[in-house]
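Shared between the two complexes below is chain A, which pairs with chain B and chain C, respectively.
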Partner chain A sequence: MLSLHLPVYALLAPLIAALILPLTTDGDSRQLRYIVGGAALCATALAAVSLKGTLGGDVYTYYFGNWIPGVGIEFVINIFSSFMSLVVVFISTLVIFYAFRNITHDLAQHLIPYYFTLIFLMLFAMVGMIYTNDLFNLYVFMEILSLTSCAIVSIKRKGRNLLASLKYLMQGTIGSVSILMGIAFLYMVSGNLNMSALAELMPDIWQSHSINVLISIGFILTGFGIKAAVFPLHTWLPDAHSSAPTPSSALLSGLVVKIYLFAAMKLLFQVIGVDIMREVGLQLFLVLFAVSGMIMGSVFAIGQTDIKRVLAYSSVAQIGYIALGISLASPAGLNAAFFHVVAHALMKGALFLSAGAMIFTTGKRNVNEFSGMGYRMPFSMTVFTIGAFGMIGIPGFAGFISKWYLGLAVLDGGHPWILLIILLSSLLNAMYYLPIIIKAFLCHECETVPSVMERDGLPATMWVPMAIMAVLIVLLGVFPQLLMNITGQMPHLFL
Partner chain B sequence: MSGDNTNNDCAPCVPCAQESLFSRSCIALLTISFVLVGAFIAMTLIGDAVFYLPVLRQVFSFRYYPLLLVAVPLLSGPLQAALGYRSAWLRDLTAVTTTFVTFLFILAMYPQLLTDSIYNTIPAVFGYGLHFHVDWLSYVMVSVSGILWLLVTIYAHEYMAPEEHQDRFYLWMSVTLGGVLGTVMASDILTMFLFFEIMTFSSYMLVAHNESAESLLAGNNYIYMGVAGGLAVLVAMILVLFSTKTLQFTYLAAELAETGWIQYAVAALLILGFGVKAGMLPVHIWLPKAHPVAPTPASALLSGVLIKIGAYGILRVATSFFMPAAGPLMSRDNPLWNLSHVTGAAVIWIGILTMAVGVFMALQQSNMKKMLAYHSISQMGYIIMGAGVAAYLGYYGAMGFSGAVYHTVNHALFKSLLFMVAGVVYLRYHELNMYNLGGLWRKLPVTFVVCIIAALGITGMPFFNGFASKSILHHAIDEAYTYGHGSFRYAEVVFTIVSGGTVCSFIKLISYTFLGRCPEKIATVPNTGNRMMQMAMGGVAVLIVGIGVFPGYLMNTFIIPATRSFTYDPAFIDRYLVDMNFFNSHDLMGTVRVYALGFAIFFVGKKLHLFHLHLPKWLSVEYVMYKPLQSAVLRVSRHITTNYETKANNADVYIYAALLMGSLLMLTVFFR
Partner chain C sequence: MIYSFWIQILEHVNYIGAACLFVVGLYTVVTHNNFIKKIIGINIMETSVFLLFVSIGFVHGASPPVLTLGDTGGPFVNPLPSALILTGIVVGVSITVYGLSMVIQIHQLYGTIELDEILDTEESKDDSPHA
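Up next is the complex of A and B:
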């Protein structure tokens, strides 16, 4: 049995921490770390307990201030929202611990409390977006998320960061406005902002005002296309993700873009409904964008030399995989997409954190300078390798399972040609990940490299989160049922 | 029995007690294994009553050997690397002991196999569980890998001594053994794929071990083609699972027959995927690069075992997915054989092409290891052709099947021995170009003798092992045009010419390397003993001669039970395969013809300097297909990135506007 307030506490814990943090002034103090770490762990624990309450398939609704749904805000806590919020909070916690030391590399002392404030606000917005069942509330959380994610890019206060975050901000605003426009078109004909209520009205609206629904679909899709960096609206992503401080990149690439995909899913499946989608023929339209993203993201990644830019473009490709699973609009497709959301969050997290550790220690960002990195920093490079093997789809790592289920879902949906795209995309992944790994472990032109592996010399707050992610990638790769049993219950909430 | 009959006069062994302890342990282990093999052969001949001696019953009834076989090498690898930090000889001894223990497990599995095949399962992994299943076909592969690994590990000790990063080498060599054993013992294709990929990556570390520019390039070729092959298998797997709801190696021809074009896609992808490993044309280009640059023990294993795994994969899917289940009404004309028939015909021609191109390229080579690598391609062509005949003739395919399996065993033995010979020469003289060598028979008598044995084996001389399998394969291709299409008559002609080319090539190898005058540079190198290496080579040579003198043993004890476990016509097997007379006048005369052809090619070639003829670059597949493909991908990516990345990033708002207008238009105008 779930205490009705638990999930809300999980939402409030980061908010409270965010309010307290600016009061501390010393960015490197023990006190700050206790507050930050405590709040993050507390939120994780609360999210875990609320997951336990919904594992049986129970659904809870929570009315803020006991206002009725039409007037007030409604939260829906089901297996999807409680599990995904646990994933978000858990991975954020790992990244927050990693950030304790790593962020001192990028930021001045006095900015560090503000940085964690922003992270917690972002966490608050992400969890809120997952829980909420109200369209306008969704928009509010989305704005908080947009602003905070811009701020954690620009906090570094270098020219390219400011430029990147300005671009991010502008594009994000266009996206938000576009989504708001779409919501407005729906509100215009329904007079309702509660998703469940809208969904009930939708068949009638579709009969009477189908043009409104269609325009709204167009605005919403394009808006979320920007927000979730679906190709070709991805243009803000590489700059923002690569110039941001490492913990921010891990959060932005690993979690934030997926939250927008979840929101898009809520609108598409829970409000507009899969029947209308099929009738309009939206699936093939979305599949084409997803598929082109899978290829083009990798093509752009091959041309990069900055390690974080490679990873950022790789995210564009991986978002294509998730978008593909979603746009198939079948239980198998959604299941694969949910699995890949978690798998990609872990893999991209591991990749960004290990790349960040190498930048932190050696200051090298260019992949051509990575020769012998496997001897200089064997632990980080091993974590990087595990993440990269996952991305390529080597069996035994989580990414393989995503590809496996995605492949089955694609056949199930009657598009066997996409299998070839998955194959090609994996090959392209191999083309930019393998050279980095090979250069790091086998290197013939570098005499300066020691022939015996050294210790990485990373503080525990950095290597423990990396190790946890690497272990989870392998664990999910070997025992996917641990996750599949949970994600398998989610598609029916949407279809 | 151990073959430790070195007669090198000066053998200043490293004056070190540990070294001699290592040697003595190796000699002991090898002697024990050969005694055990002898006892094993005796037991198989006497009958299975011996297996139930009370003492041994416990050992023989243990059910989990397949799991142990996979686990022991995979766990021992890290152990060896860890020990290597402390002492080299302890690490090497652990490596040898591991392979020895593995080999013991393999021998101990045999009695259970007589009653039933062995199943092991690790539940829950991948959600489907890992399934291991040892049947006769797996058992042949497992035992060849086991014994070869033991001998090569002994050989590796002295060869690797001057090399760097030995810990890494031993680690990955052990992991590769685990991968190989797992691949051949897998009972469903997902398990097979997992170990197949482990094998690809661990053997990459062996190929690129030297870290020279050359070996990294070869390694890149290997790993990219390996990953591509793996992905092809993955796609085929997904198609099979989707259309038949099973991943097990069961007879699926009936289910696949209903899927229309998917069955052909599955067949093509599987053959392509496994063909990459097998060195099949046109995806063979990694092989002649990777095998020469790898350290010799690794090349021996690559050529001896790893490429066979590709052929094993083709054989395995041909005898499961493409094969209908046996039934009372099963006949050759059953329409369910259709897929097998079509694929088989294609595979036969691919095999023929592979063997012809392989031998043709081998004749042009001056580097010994490179020449041997091209011969590996050519010999894989024989095996692939055998597998093709097996699939093509369907119900009557037992001859092709047994030829392919038999040749797999034989090629594993003589090709690894030949690589070991090249390794000895290289270790001593740092020279692999055979035109710069000569007269080595005086300096390396043991090596010379084993080289002759291996060469006689590969060229198919009676009383050496290659003869038996080549005869069977020859019968198989004969049958292909007797029972099948007439065009395979030309395949038979190519087969004979290729065999002649092989003879010529080895005449060339021996006469340039071991005979003739000794160049001065070589003559001055002092003699040092490589006793352990010689012992390992002697061990392989004994096996070659043993199989050659008693070709029927392997056939009756292992291969015929293997054919009987699949849907092959039992009457056909009884009539043609059981107690086959290998030394009949027809086959012996064929050998004479092949040898005459070989000598003729050699003398003509030498007179006209044809061996120095090099084909223009544009004729090679690599320059026509792969290089342009790879550079095109890279160039296009870079081009797009440099030219359009900034443009796209600056045009973000326009892209947004265009997409928004486009989607709104599409939704409102076209849908309405």
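Up next is the complex of A and C:
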């Protein structure tokens, strides 16, 4: 009984928590923290158990209401879905614990239960999008995800948040309407919404109705491009991610955009198929967008002065790396992309959480005011440095490994010129991360160099998640095979 | 020849209508400064997809998919797209409601719902020393 329904429990835990939370009214009570923390840990444990079940290559399939696939909704939980949902739930749990104290800085007391409700609904939608094997179900989860992720930006109710959130809503809806249009074009010629069934029909459809498939690829890629902020369609991201409360920024930048990339991957590789992608010449097209994102995201980040805006633009560049790995459509490329998904979630999480801790304590957001920050908040600045070194790709940190494997995949795929662009993008990353670190620790712009380091004075719920992320970044940088053993099993599910 | 061309057009008028509505909606969202008009544009875009999706399920000369006792069967209209679009409409309504509620709050904060006027006030705020 347990094993039959197990993966769905991981989906239900956040949903049940989201339903219970509005009943509590006191935003700072122990009761609320116990419910939120308990539900998050529970979801993590369930996701870990379902990962254990799929590690040997087993696959759970779950039919909702026991309807046969094609009529009902089917969930397929293979090693990819169970591992990625564990990553999502685990990092969300760290961020949720961090949010207990940090969110009181941004939100009124009575809004805090609603904030956690939104976070859990978002978690539910993310896990659902990873699990589902049905196109319309994917659309519904996607809409839940986009509404909740807009709401955790606008909940701060400042003018800038509302404008950013409305922009996100408008562009996100254009994206999801495009995706639904693409799904309609596929349904028109196949009469099927189940991804596995569609994949079987696809060669015949490609023979008889290639125009429908092409239009559908166009709509779906545009839609997911907007949702995942692939370079020329990224304009909503910096506003939304920088104005949101810190825990929201960490979740949106670290996890949410990647969920849309996963969904795009499912559609491209598992439904349309690599053969059709090669025939259309989609790969080179995607590589060009990914590469321009890697450069332009970093170029935009250099000009920013708001610390969270720097990090948001850096996300645009990092999404380029993941998109590059995906668009190479080779096992090595996908492996590098999966590694970077995890590495970037940890690094961007650590960066946003430490930047948030500095804003929480000192109220400084402008990078020009950061001189001497290494003396004022040594722990947060150390975590920030570890995250930034990872982003630049300094050996010994997780980001180096993903860049290394991405470089190998690029050489394998026969595009050596991209190696230069990866190098250039790393140098650009160094150009905007290193000055912040140098200012903070070397302090050559301070009026008086402090003679002692202060302690950060952060509560345990804030520094422990930051420390865990920092340790994991270094751990993955030194022992990448811990993760590579698992991500290495995933590419064959897509190719 | 010409006659059959027009018959073709008439038979696929739903698809053409959906394409037109999609473009009209996109144009409205992208070009207007007024937030309410943008939300109307979003709604038009959603309606276009709903129209297309429901039209897909239609089978020429088929009966509604309701089985009665002693029914011999025969071609039925596909009920699945209509059922899916009911969900789609609910999603569309929630997006509209959420968007409009934000427009109300923006109006309370800025006193206007025109994007260009709001951006002007934001910029003048940035220039002032006490930003």
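Keep this in mind: the second predicted complex is superposed on the first by the 491 of 495 C-alpha atoms of A that agree within 3 Å, B and C clash if a C-alpha of one lies under 4 Å from a C-alpha of the other, contacts with A are read in each partner's own complex, and residues count from 1 in each chain.
One rule holds in what follows: contacts are C-beta pairs under 8 Å (C-beta built on N, C-alpha and C of every residue); 3 or more make two chains touch, one makes a residue touch a chain.
Only a predicted model underlies this, so the values are computations on that prediction, with no experimental measurement involved.
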Room on chain A for both chain B and chain C (clash or fit): fit
Contacts of A:Leu214 with chain B and chain C, given as first, second, both or neither: first
Touched partner set for A:His344, first chain B, second chain C, both or neither: neither
Vertex chain A; arms to chain B and chain C (CA centroids, nearest 10 degrees): 140
Touching partner for A:Gly159 - first (chain B), second (chain C), both, neither: second
First (chain B), second (chain C), both or neither touched by A:Leu411: first
First, second, both or neither for A:His241, with chain B first and chain C second: neither
Contact breadth on chain A, by residue count: chain C or chain B: B
Touched partner set for A:Gly393, first chain B, second chain C, both or neither: first
First (chain B), second (chain C), both or neither touched by A:Val299: first
Which superposed partner A:Lys258 touches (first chain B, second chain C, both, neither): neither
First, second, both or neither for A:Pro480, with chain B first and chain C second: first
CA minimum distance (chain B, chain C), superposed complexes, angstrom: 5
Residues of chain A that lie at the interface with chain B and also at the interface with chain C: 170, 174
Interfacial residue positions of chain B with respect to chain A in the complex: 124-127, 164-165, 190, 193-194, 197-198, 201, 208, 211-213, 216, 219-220, 223-224, 227-228, 231-232, 234-235, 238-239, 241-242, 262, 633-634, 636-638, 640-642, 645, 648-649, 651-653, 655-656, 659-660, 663-664, 666-668, 671-672
Chain A residues within the chain C interface of the complex: 136, 139-140, 143, 147, 150-151, 154, 157, 159-160, 162-163, 165-166, 169-170, 173-174, 177, 180-181, 184, 187-188, 191
Residue ranges of chain A in contact with chain B within the complex: 167, 170-171, 174, 178, 210-211, 214-215, 217-219, 221-222, 225-226, 232-233, 235-236, 238-239, 280-281, 285, 299-300, 302-304, 392-396, 401, 403-404, 407-408, 411-412, 416, 419-420, 422-423, 426-428, 430-431, 434-435, 438, 442-445, 451, 478-481, 484
Contact set on chain C toward chain A in their complex: 22, 26, 29, 35, 38, 42, 45-46, 48-49, 52-53, 56, 78, 81, 84, 87-88, 91, 94-95, 98-99, 102-103, 105-106, 109-110, 118, 122
